[in-house]
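Common to both upcoming complexes is chain A, partnered first by chain B, then by chain C.
This part shows the complex of A and B:
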């Protein structure tokens, strides 16, 4: 799978987003503040919106999925059981993955948004996609769930995964960093070279960089290891 | 059109004019054609088409059962077009400002705040429906009643929850009723023909009772 954005421009009134770049196999992280245009880039790559200018070309025929920030938008079942079934999945592995053991008969509207999000992500990650776009996957998750998700996403993917987030507390290992700066999608490059170019890294990473550490990647674990190397 | 008062006046008076008489509907349509960005000002064309489709079906039933379906369709189409224009032209905070200017900082503030919150909920609901369509396309879910009804129920439940949270937030911030606001309006000269035309449309509707 390969996605190329060439001279892409999206206009919404006064607001404009421009994008150029190529997404290839691996894990990509697209960051930027709320309202900067991350979701628009996700929708463009998924083919859900068409740009006002330029082209978005996807090479590869495999299944694509865009996970939206709010899990309610994806829900089609009345209960947890029906929701898992709507994804064509067996309930037990999903329930354990989502930390929802014993909640199979629960009605979805009785679940908290955090539970809905965990259920949604467990269903999405249980399926195989050639291109997986995760728009704000950390929304509504508590700290342990965020860390668990980061650990899960840090595993080398079989296909292309693009994570769009403004989250700062816990990030997964990725292969390439992108940033939206003043309405423009900027490819910062492979993660190791991109870290010093990142204008808004999370606090834990910025602090490590200030101490002279050179992390291999952006996860908390990588930063800890880099700090240990610096101290040693 | 920049003046919030004029926008609300037009969006309130012209639909009534259009609904009352056929001549009023023609005048209101002419106003829509002359003083709005027409189709370019419609934020959600699919929603407008949906409403027009419902109107067409209703008009057919009215025509068959009692007659007068076509004039009804014309009048209601103008009402929908005016509503779609205002939905796209509305600026955030405008309803609150106009309500306070008209009815004061007690009843006006409460009325305006309610209107602002309702308009915002409507925007969010439309956004939710759009996102649901994207999500369902991604998931490959067919649009059937058995999948649509639980999804809409969950969406409605979420909206109610959000409204509850918003009410709690207002209460926490000490809101008990009324509030201070000093609305300021600009009435540029180019808004004058539109304002005069609203009065003209009312006069036409009253003068030609068709």
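This part shows the complex of A and C:
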């Protein structure tokens, strides 16, 4: 799978987003402030928004999935049991992955948003996608769930995963960093070289860079290891 | 001072809790009862058992402000200035006084330039500031905010926190899932399973959470 954005421009009134770049196999992180256009890039890559100028070309056949920020936008079942069945999955591994043991008969509208989000992500991650787009996957999750998600997303994917988020705590290991700056999608490059170019890194990463650390990646674990090396 | 005594409601069980004035962050896992506690502190929900007092008076008899997780779902008016003015207009305050207080709070929060904009055309951060202005225009004794920062990036959260401090509300209690934001509060309450497991200054509470996912990343990386 390969997605190429060439001379892309999307206009909404006075707001404009431009994008050029190539997404290939691996883990990508697209960051930027709220309202900067991360969801628009996700929709462009998914083929759900047509640019006003330029082209978005997807090469490679296979299933694509776009996970939206609000899990209720994906729900089709009335109960947890029906929801898991709608994905064609066996209930036990999903329930265990989502931390929802014993909740199989629960009606979805009685689940908290955190529970719904965990259920949705467990279903999404149990399936195989050639291109997986996760728009704000950390929203509504508490700290342990965010940490568990980052650990899961840190594993090298079989195909392409693109994470779009404004979150700057509990980030996963990734292969390539992208940032939206003043309406333009910027490819910062492979993660190690991209870290010093990142204009809005997480506070823990910025602090480590200020201390002279050179992290291999952006997760808290990588930064801790880099600080240990710096301390000698 | 907010005092909770003998509180029992759904999964919440809090024998006694005192929350000082200043900025308090309520943290804890999903399902801990954070939003339920906030609703009871606000007076929106009456507890099955126990009492809440704000300076010795029930919250429903005090001026209390509320900002929810999705501020734009509660907007009633299209124009920013009308939304901010609405709590005062519903009380039939004179137009001159209403306009002056809208102006005052809009300037304090740095959103005076937005007054004639449509609320639907605002960014996520701007919507939060407009909802905050509508809550503060009544000069509440107590302001409650339920995961308002969950859809904001950390830089916008910093702007919101600075605006809150300028507003000078005596007591602000906010539920947050951003631990580095919680670190900047003056007081923390950590809830789990409906119980207050830890409370006090952030340094003390986070020291008690040393081996958990709630420890702010900055602390994990040696601060």
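Definition applied: the second predicted complex is superposed on the first by the 232 of 232 C-alpha atoms of A that agree within 3 Å, B and C clash if a C-alpha of one lies under 4 Å from a C-alpha of the other, contacts with A are read in each partner's own complex, and residues count from 1 in each chain.
By our rule, a residue touches a chain if its C-beta (ideal position, glycine included) is under 8 Å from a C-beta of that chain, and two chains touch if they have at least 3 such contacts.
On a predicted model such as this, the values are computed, not experimentally measured, just so you know.
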item: Three-chain arrangement built on chain A, chain B and chain C clash or fit; value: clash
item: Larger contact residue set on chain A - chain B or chain C; value: C
item: Which superposed partner A:203 touches (first chain B, second chain C, both, neither); value: second
item: Which of chain B and chain C A:139 touches, first, second, both or neither; value: second
item: First, second, both or neither for A:46, with chain B first and chain C second; value: first
item: First (chain B), second (chain C), both or neither touched by A:65; value: first
item: First (chain B), second (chain C), both or neither touched by A:101; value: neither
item: First (chain B), second (chain C), both or neither touched by A:147; value: second
item: Chain A positions touched by chain B in one structure and by chain C in the second; value: none
item: Complex contacts: residues of chain B adjacent to chain A; value: 128, 131-132, 134-139, 141, 147, 150-151, 153-155, 157-158
item: Interfacial residue positions of chain A with respect to chain B in the complex; value: 43, 46, 48, 64-66, 68, 70, 72-78, 82, 86-87, 108-109
item: Chain C partner contacts - residues on chain A that touch it in the complex; value: 13, 32-35, 69, 112, 114-115, 136, 139-147, 166-170, 200, 202-204, 207-208, 220, 223-224, 227
item: Residues of chain C defined as touching chain A within the complex; value: 28-31, 121, 123-125, 150-156, 177-180, 212-214, 216-218, 220-223
